[in-house]
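This report concerns only the one structure given below.
We just call them A, B, C, D and E in the order they show up, numbering each chain from 1.
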Amino acid sequence: DEQYFPLQSYRVGPYAAGGTGFFGGFIDYLTLVNTRDGGVNGVKLTWDECETQYEVERGVECYKRQKNRPGVAAWNPLSVGIAYAMIDDVGRDKVPLITVNHGRTDSTDGRVFKYVFPLLLNPYSESSGIVNYIGTREGGLEKLKGKKIVVLYHGSPYGKETIPIYQLLAEKYGFSVEQVEVPHPGNEQQSQWLSIRRTKPDYVVLRGWGVMNPVALKTAQKVGFPADRIIGNVWSNSEEDVIPAGDAAKGYTAITTQASGADYPVLQEIAKTVYGAGKGNLDDKKRIGSVYHNLGIVNGILNVEAVRIAQDKFGKRTLTGDEVRWGFEHLRLDPARVEALGAKGLFHSINVSVANHEGEGRVTFQQWDGAKWKVVSDWIAPDWALLRPIIEKSSLAYAAEHGIQVRDPAAEDASN
Amino acid sequence: MEWQFFTEVLVGGLLSGVMYSLVAIGFVLIYKTSGVLNFAQGALLLFAALTFVSLTERGLPGWAAILLTLAAMTVIGAAIERAVLRPLVNQPPITLFMATLGVSYVIEGAAQLLWGTQVHGLDLGIDDLPLEFGGVLVSSFDLFAAAVAGAMVAALTLFFRYTRIGLGFRAVADDQLAALAVGLSLDRIWTAVWTAAGVVALVAGLVWGARLGVQFSLSLVVLKALPVLVLGGFDSIAGAIVGGLIVGAVEKLAEVYIGPFVGGGIEGWIAYVAALGFLLIRPSGLFGAKLVERV
Amino acid sequence: MTDLALEKTAAAAPHRASPALLGIGALLIVAYGVLPLVASEYLFDAILTPFLALALAGLGLNILTGYAGQVSLGSSAFMAVGAYAAYNLALRLPGVPFLVDILLAGLVAAAVGLLFGLPSLRLRGFYLAVSTLAAQFFVQWVFNKVGWFSNNSPSGIVTVPPLSVAGLPLDSSAGRYLFALGVVTAVTLAVWRLVESPTGRALVALRDHETAARVIGIPVLRVKLLAFAVSSFIIGVAGVLWAFAYLRTVEPAGFNLDRSFQILFIVIIGGLASLRGAFLGAALIVVFPLLLSRLGEALLGGLFDSGVLEMSQRIVLGLLIVTFLIAEPAGLAALLDRLWNRAWNWISGRFRRTG
Amino acid sequence: MPAVLSEAFVSPAAGTVPSALAVEALSLSFGGVTALSDISFAVAPGEIRAVIGPNGAGKSSLLNVVSGLYQPDRGRVWLGGHSFAAVPTDRLAKLGVSRTFQNLALFKGLSVLDNVAAGLSHRLRAGLFAQVIGLPAARRERAEGYARAEELLAFLHLDGVRDRPAGTLPYGMQKRVELARALVARPRLLLLDEPMAGMTLTEKRDLSGHIRAARDDLGTTIVLIEHDVGVVMGLSDRIAVLDYGRLIADGTPDQIRNDPVVIDAYLGVAHDLEAGEGI
Amino acid sequence: MTIHEVLLSLDGVEATYNHAIRALSGVSLTVRTKEIVALLGANGAGKTTALKALSGLLPAERGQIAAGSIVYDGEDVTRRSPAELVRAGLVQVLEGRHCFRSLTVEDNLIVGGQVRGLDRAALRSELERIYALFPRLRDRRRIPAGLTSGGEQQMTAIGRALMARPRLLVLDEPSMGLAPMVVEGIFAALKRLNREEGLSILVAEQNSTVALRHADRASVLETGRTVLDGSAADLRDRDDIKAFYLGFGVGSSTAAATTPTAA
């Protein structure tokens, strides 16, 4: 029996660094499970890669091509655009679509988006997590009152997505927020940073992408804005974002769902079993334990565990996509289980349900010391009370527009 | 206070503009001798910077890396002449333009195949600390970049002024068939010019690479250079500098003073719109050669 | 006088007309009759539908660049305009039939194209080409910036409603393909009529010698703007197909500079001022990379990772562009013509000898 | 119709008939170069008027002014009863004027037939929509245009190459296509700038015949720039001679042939129909 | 450099454009040192194609030499680049002028002399030589060549070629667009160069009267084939040949062509 993971990877083009790290980590973990355990309960894990260059049409082509292979477990495109283009299709083909750390915020509402899983973190909880972290740094959320925060965002749908939520958070906690756009690709930010210098904010939240990040850090240095007051979001948190900025990045802090570093048991095992046998996916071993690589590994853990959980219910064989979907909807990894998987401290825990496809993931913050990332915070939870109603409003509107029957979680759980 | 900020934005803009000029000069060189917009300039830039960085990362001293990179650019220049330009001699500019697009694929692919897709940091040893002049912040790195651009323009201008080669260049751009008929060695001229463009790409690639990191996005800086080109005139080195200054200043001032009213992020196109508006008054840019046509 | 020699070459021409007609007929039969029955979902969604949309965009750009001689680097902006216009029309005027939406979306694109075509009255060559980038970046910025266009979707990406025409749902892969095919056939027919008409002749006249065109009484300004409008209309319709028949989602980033280059590439590789060229070019652009990657995977997939393969493909694609341009700067259409002529001469030579 | 025409604009050959073309005190200079200086003359309807003169004398500039491509610094142009300070090029064809160019100005990518048919562009009535849909009026118009173009191709012996792209024809033939394009609209006034350059004697002879026929059959007034003195003498009713932008002589071929000023400036000593001796 | 008696020879040259259109199907001709040869033929006979072939310019027009040989100064021209040929003394004046339009008239001439690498003084005197031949150009020397009159452009093109001090000058319709006195002047000057400096000349001309008067020998092309090759005097004098190949005198095809001279 085989369980197949189609990978719409991107190893070429402007986002190649992220793609090689993430898909490298994912593949490394799958390889580990195969070599160490002989697969999941004897079911071998297989995969193949289809290069998308982060382009939607190529992603679609890959989908249409790869879906014909039997035993598809789940899709993991790591691209908002491709994910959007697949939403209809995965619904029809009944296979889960995993958009770890990104994707459509309202797909958190699994009652409407049955097959879509923005695991670990969606953009709204990310923003909320960042504000909570700033709160803790200031000594309590109430201290945010009167503070000034600038959000510097990438001029794209991705970058704009959190504009309303920051507005909302500002109202709730009484800080003022100014949101400044950097046009794609972001290789010039002189004017934005000069404006920031004039505004004199307490913090700058960097919602960047690719080359925009190092340029932001460099330009900040140029105008004399301290790096430790810049807080990066989840796509501004990798080594690739800070290394090109050199010294300018020292002290820069960024959110993450998974700590970086290779000290975790699961990474040690990968280094030993997989790379030791020459089967590692990264060309450059130095990148083992880097942010994207670890995200890929965590993503691998989540996928594999979802399969395992589903197998417990449906039998230890090749599962259908819909069965794997059930596994994802019951993906509950508490800290103890995470430790058992050798990932204690790598990520916190996850608790997915029919209604919540994100999983209440917690985030942590890490600071760049010029050579590596160092965790500087506890695991922080987002403000669910604030976010959930907005998400539901949006998802229900989608349901109405597309004629989707909203599922009743209680009834579903009862039937299973 | 307000004027101070204005000055700061203006100076910042002018200095960014010089960075655009650095890239634009490479285009000018090619346009001057083949009348074609060389879309592979971005790829050349990427290739040069990537080669240099990868060589230094493999432990080569800086000077050796530079020399090797220069050698590589020469080989590329010669190869392009032999494989692309020579067979396409006397073809319309649009065909050549398309060919440079093909060349850019090849160079980009080769660069990444050779050196991988990682993002590299590049430290030229120039600090980017803010200097203050009467309350106005100026980046020391930008000043350095401006000096580099200035030196390059001076060298090229002198070259064109004091050699007769410049005349030959213009002749080639004008009419390739006639250039062949009067005995200009197009192959040699083109090899030389493409190599020179490669050298310019190396310089621009290093300066930009120090700022952006050496990565794929480096090839996108050409988009910043295009409005500079139309504004200054495709075939004028001086135009590349003046155009760069104007574009940089307009872009920054517009972003700071107009941006907030329309939601910001207008830098991506304001330079093009400004250049367009300018072209309507002078259809071949500030210093570009006018179209010569009569019946 | 060498009229004798000339007559010989001219005389060969009429023979070619009938095979061409036969060819088109056969293609149409295959496209309408055979493919819908036998093709797989993959073929429809990953190859045929995007091919049709891109070919249509190529056709549109060909009017402007191939026939009227004005190079545009911003064509995907007009695709975006068409796509967003159709989305908003469908959203905001629910009663209006979709075919009317398409028409209106095309007209909106034409209007925007007209606006950005105004500089062409004064600019030439690469100066004009670079100026068209203003359209590219401005339009993309607007769709990014103004939430209204994406119905205030927080991510800016919109999902289009399912396709149905006159109450007939066309939401299957085959249905969307047939819809695209219908639109493309109709527009191609119209374009063919256009380029054969006196107006089409005026476009070429303008391209080849503007002064002479003016002297013989062609309204140069009007014709130039017309070229921009018609071209943008068609590219806009292509954008509608792209959004509604192919991807079914719309995001500004999908209509970026790369897409514009892709379309230009289709036109030039296919053959400027040739209708077949747009289709040949689109076929090359859609099918060839897939072929390369499948081939690369099959042959070398075990040895290298997908990144290496992809980069090698990029190199091969680049080399191919250059090779094609060198082999025949006039494009695939001309290349095929030449091969066809040679084959024809060979066959007829044979025939004459034996018969 | 202008109310009063000064004496200078009345063709001597035709008594008091108003002229088909007249220029009045035209001056034009480029930077330091004077291309035309105070030129006045008139061409009678149905006349073949040659304009000759040394290279750079201003002949082409004169035609360019008459067709609105150059704007004179001073002076006026009278065309078909209207007077212009600057001739509107866009309306030229409607005014019944067509011209050929010294340097080929064909539409290289169009077939020979389309090139010629394009000469009728100013007459088109049908709109874009009508053309695309193929409304009867548009179809008729198109068919008529091609029929007329075919006639001209036959007339100028170009029917053998009707479908060739004009750009691939040899030089001399391209010149003929250009003439056909100018003639197809049955112009009232035809301006020819060196139509016979690069032709053999036979071809020149043919072409002279065609030009004369155009005048005889259609009553077209013709202004002809040509360096082949033999052709000029044989073909034209009157000859204007320019030198350094000035009109140095204007008269019948006989007068011109024997005018010492002209001999000095242009013809050379004892020039005797040298080039066109066969005509 | 060895002196070859036969400076240039074409033998059975066939050429196509774009691998498809056949333009030459058997052209043979020779130019000896110090000789003036006229290449005659009707429109489209292939004169221009033959000249481009022999100076290596055919590839730039997407043309190919399909068969035959072209030897200049003892070497096969297809193996040398056009630039090398120019340096070896074979210089062509292209049909249709082909001036560098945005360069001034003087710069056009200077570019023409560039192959010789002249110093400033030598360049000046060479320019003076050209200006003496074409006084008109001196007045126009600062104007972009593209704006000058047709005849001035033709003078520029010829002057530019002469700047290279060729051994074999190839002219494609030099008389086109030039005033009769200028044509006479050019031919006289060429003849002088031919006599005094041994310049060999190959000239394609429609204006066969002028060409034959100055040429030593002439070749006639018809539909891409050499149909006649002989001394210019013969051609000049024998009316039957003239009538047959060059269409002089009697037997014209159109009735309208018998235009009476006004004299």
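Just so it is clear, a residue touches a chain if its C-beta (ideal position, glycine included) is under 8 Å from a C-beta of that chain, and two chains touch if they have at least 3 such contacts.
Chain-to-protein mapping (UniProt): B, C = Branched-chain amino acid ABC transporter permease; D, E = ATP-binding cassette domain-containing protein.
Note that the structure is a prediction, hence the values are computed from the model and not measured.
Chains that touch both chain B and chain C are the following: A, D, E. Set against one another, B-E and C-E show the most C-beta pairs in contact at B-E. Spacing of chain A relative to chain D, judged by their CA centroids, is 75 angstrom. Measuring from the averaged C-alpha position of chain C to that of chain D gives a distance of 42 Å. We define each chain's centre as the mean of its Cα atoms; on that basis chain B and chain D are separated by 49 Å.
Chain A and chain B have Cα centroids separated by 37 Å. Residues of chain E in contact with two or more other chains: 21, 42-45, 147. In chain B, 112, 117, 263, 265-266, 268, 293-295 are the positions where the chain touches two or more neighbouring chains simultaneously.
Touching of two or more other chains is recorded for residues 11-12, 16, 20, 155, 183-184 of chain A. Under the contact rule defined at the top, the touching pairs of chains are A-B, A-C, B-C, B-D, B-E, C-D, C-E, D-E.
Within the complex formed with chain B, the chain E residues making contact are 55-57, 59-61, 81-83, 85-87, 91-94, 98-103, 107-108, 110-112, 114-115, 144-147, 160-161, 164. Chain contact summary for the complex, chain D toward chain B: residues 60, 64, 69, 101-103, 105.
Against chain D, the residues of chain C that register as touching in their complex are 1-3, 6-7, 9-10, 13, 190, 193-194, 197-199, 201-202, 204-205, 207-209, 211-220, 226, 230, 273. Remark: chain C residues 1-2, 4-6, 9, 329, 338, 341-342 touch chain E in the complex.
Partner chain B is touched in their complex by these residues of chain C: 65, 71, 119, 122-127, 129-131, 133-134, 137-138, 140-141, 144-145, 211-212, 257, 261, 264-265, 268-269, 272, 307-308, 311-315, 317-322, 325-326, 329.
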